[in-house]
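Per-chain residue numbering starts at 1, and chain names A, B, C, D and E are given in the order in which the chains are listed.
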């Protein structure tokens, strides 16, 4: 099913409103939509709502044999198949450009930037390592899937606890959650994606575009940063050409946004941890 | 773990270049007789062949756009191109992503509205890989499109730059690339100096970003000079032959 | 298209085969109302069934089952594999049903069809949840090596009711399995290389039970129960009921999918008939 | 009598939760929870359908089941087929020929009984989407416990692992209607027609029909819950005009 | 379970679910065919084989004495074309004889190029792809694409139908769209007291708003969307809150 194109009226109105400094949902140009994080009863499950965009991330783990050329490295894999639940334009089992770009962005943001310590996942070198899997389910598509997915993935990884193991010689015992408290993953830093949409020959720059804004935009760019002001990934795949200064300006905005979002994520995680403590008593 | 010294105490790189020096570029156009346009390009040891077919009838009717041409990019890596022989499947996400990047880079530059309801195919073949595949592909595609006589508003010139140990350097080779250096590929329209594509992987502090990006921009301008010369030489050559 | 059953005008006649093509459901209804089916069976009748053991010499166990026009071949191959960490002394049973375009025009090339996957899943569940085989029997050396039994069912000719035929072929092939006795030594599994397999150098599987099934479809609003449907009957009818029972009369699986609601009495009837049918089938399998 | 979670009796369901109209891109959506199990369902349609799948006399119904962890496998295909074939006679698809109704079922949390949870989420989502149905349905799962031989309703994952047999049932609300007015509804009379049934393990005929009856009773509770959920939603919508 | 509906108090909403049978009241359902009044069934109801009538959608059961009509008022988002209804659509294609218009239904609808006020072969309006049109469904049938017209068929006048210039359009549920057309719903009037604006509401859940500037239009759109699940008093406060922030 092809997506319906927005009408000329919608296109013109969105652009005219931007000239007046207004966005359709009443936000300022550099505002994110309200971010809501809700955790399941299990460790490593988080549902992210970014305005009307919804994403569920679920982390799971298993013990497998490492690659012979990297005997001490665990695995981190992502499943980012676009579900038709988010939009009926997404078809099951057909890879589209959009899907490739989303999955590569997540991959670069999380894996290439070494957010997770994969060496720390080793149990017995050359024999057994943890394989961590992040399933990202797109539930509702109202624009900016990448940022929502990235927040969901990193929050789920931070929230996740794997079973504790003891190694005696070659014997490995995996303790159930009842036997021993599960242990968190070792996360080096928190990469956050910030997506921009460009309008009016790059004169107007928006953060966190909605679906309608994405349909009308002339170009886009996704920056991945962490609170240490490190750029973990940048991606501007063609689209409208931009001045170098405009791009640098975006990185400045992104630095601010990343700080805000990281704080929100940590707050939510702390609140959840407190809740768990209370319910355990 | 002992790491390779990427920068000598004198500030020279592993292959003897200075930080802002491109590798040796060799380029020719019209290398294929069957394609409507083609180009062969070497960035040092990275070797790429580009072929352009079209504008021609779109292969799938359903994809036809009523007001402009569709650009289709296909990407192929020869199994012998890398150090270890590796068969790449058609669905390798890295390759699909690259193809998508090239496609999106040329969409705003090619005057697609001149060729409504048609399709332009760009085929890229990596023959030898020594770092900077994306830049080489974009540069080769630009020359192949020009060779095919397809209307474009400007050249698209691409160059990589990265933070090699303690300095920014351009046009990284494979060893520099794979030592976990942060590398950025920039594609620029030389006339306006605007950036159309930018890709970066691995971490880099924000404060160093400007330096790396500007250096990449310089690299793009150098590339433009080289590419322009090849194109003009070829055009003059042709003009001379026609005059005879 | 209204019902033509009323009183067809005499000026408008055509051959039975044309009638069948034009109004398959109506054609069928005429037969059912007379208590017979187009292929001559009674409503409760099963198609002639044959079982042949050991048809594939390259497999550890095999069987071919023919139910009317449906023919399936099942081959079981044993391979040494590493056990899972959470079940170090258990082997694997991996059933797979393949419905390729060769057996019917209803199947297309490409990834397995939904029906193939659903049938594989149903057999998988019967084997595991009804504890047909103790997976510990497949252990060679705890935590190191176990047998993995690849149970592949290939449909050669498809004419409906694949589940009954496939399950029967799987059970027959499992009963036919002979695996060379393994020895485990320092990470290497050795098996005897003798040409002839006998009880000294090989072992048979110890099957706890032999579940066999009978499937039925519900035709129309009259809710007539048709046993062992062929392809044409499957396409006309909506509801499908399958009952799998073992030799002691215990139910191993019962599924009712599609169609309207069925009263428990219909399900009871299915269970009774499934018990009879599996008894006949079991006798047939033991004859050989 | 004590169950593993120590809070329920054998024939008690876990707490229900549901919420409709959650997704903005779908035509209808609903989430249904049985305790720690949760399924989100979206419905799109009657919408455009691929020519290959088009049916001239009715709507084409497509069900896509997506697991919480991993890529969809054969278990999910089985669930898709079970849900689709149960809904096909329920949806008045003849009212919308040459269109498609796409149903996506996503597991959100898994603590057993996912198929039943999915059935209930689906019917709520279909109601939310306004797809014409000839009745509603309710689904409940039960097990026969290996050790005690007791029938336990709505089991958790842990309980499922100790089951001798597992039984999933679906009942529509027509059966209860047709019996009202006539003789008083006798739930133990074993006369409850079964819309869908899927049972595995090892069990006797007697056990099976006992399970069917217990689940039928529980399914009535689910029907009642669905009715209340719809009622609450409509009351909210009518605040302005029906004050 | 509540299966056959009893005559509950008139004020409360009478809610039905698929499978519920219509109450067999003496006045409307009479076996004696001579005196039985004719019952007209509207959306959401289907006759069964045994002469009973069953609901097929979840909603509020409604009855009009005039013509003894019964129907179920339900809310949904997907539009199903019905003749005579006014809708807002987008031109997505053109042929010599027709515009193809997306009205949010399963199939695109057809609008004859001459179905405009005063249109003739020589002189007819030309609408590009992407144009927003307010039109009326002239023909709808479940087996075929719906047909549209941009004029009143009896008078041949435009009656306000035609292309919508400027402004913004957004999607709501069909229930909200229907309520916006109901004079009892106050949200449009409440908004009008603060900001002058033009509006067109399509039964397909498309609402078009145009006002003096973009910020006003955005406010109105958001206020209407917010109003769906609010009471009248809450609407007044909500609108006031939005206007004050402007």
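Following the convention adopted for this analysis, contacts are C-beta pairs under 8 Å (C-beta built on N, C-alpha and C of every residue); 3 or more make two chains touch, one makes a residue touch a chain.
Fair warning: this is a prediction, and the values are worked out from it, not measured in the lab.
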{"item": "Minimum number of chain-to-chain touching steps separating subunit B from subunit C", "value": "2"}
{"item": "Between subunit C and subunit D, the fewest steps along chains that touch one another", "value": "1"}
{"item": "Remotest chain, subunit D as reference, centres from CA atoms", "value": "B"}
{"item": "Interface with more contacting C-beta pairs, comparing A-E to D-E", "value": "D-E"}
{"item": "Separation of subunit D from subunit E, taking each centre as the mean of its C-alpha atoms, in whole Å", "value": "31"}
{"item": "Distance from the mean Cα position of subunit B to that of subunit A, given in whole angstrom", "value": "29"}
{"item": "Distance from subunit C to subunit A - Cα centre to Cα centre, in angstrom", "value": "45"}
{"item": "Separation of subunit B from subunit D, taking each centre as the mean of its C-alpha atoms, in whole Å", "value": "55"}
{"item": "Pairs of chains satisfying the touch condition", "value": "A-B, A-C, A-D, A-E, C-D, D-E"}
{"item": "Subunit A-touching residues of subunit B, taken from the complex the two chains share", "value": "91, 93-94, 96-97, 100-101, 103-108, 182, 184, 187-189, 192-207, 209-210, 213-214, 217"}
{"item": "Residue ranges of subunit A in contact with subunit C within the complex", "value": "63, 65, 128, 172, 174"}
{"item": "For the subunit E and subunit A complex, residues of the former touching the latter", "value": "90, 92, 102, 128, 130-132, 164-169, 208, 213-215, 217-219, 221-222"}
{"item": "Of all residues in subunit D, those that touch subunit C in their complex", "value": "74-75, 77-78, 80-82, 85-86, 88-89, 165-166, 171-172, 174-175, 190-205, 208-209, 212"}
{"item": "Residue numbers on subunit E that touch subunit D, as the complex places them", "value": "1-4, 13, 15, 17-21, 44, 46, 54, 56-60, 74-78, 80, 105-107, 142-143, 174-175, 179, 182, 184-187, 227-232, 235"}
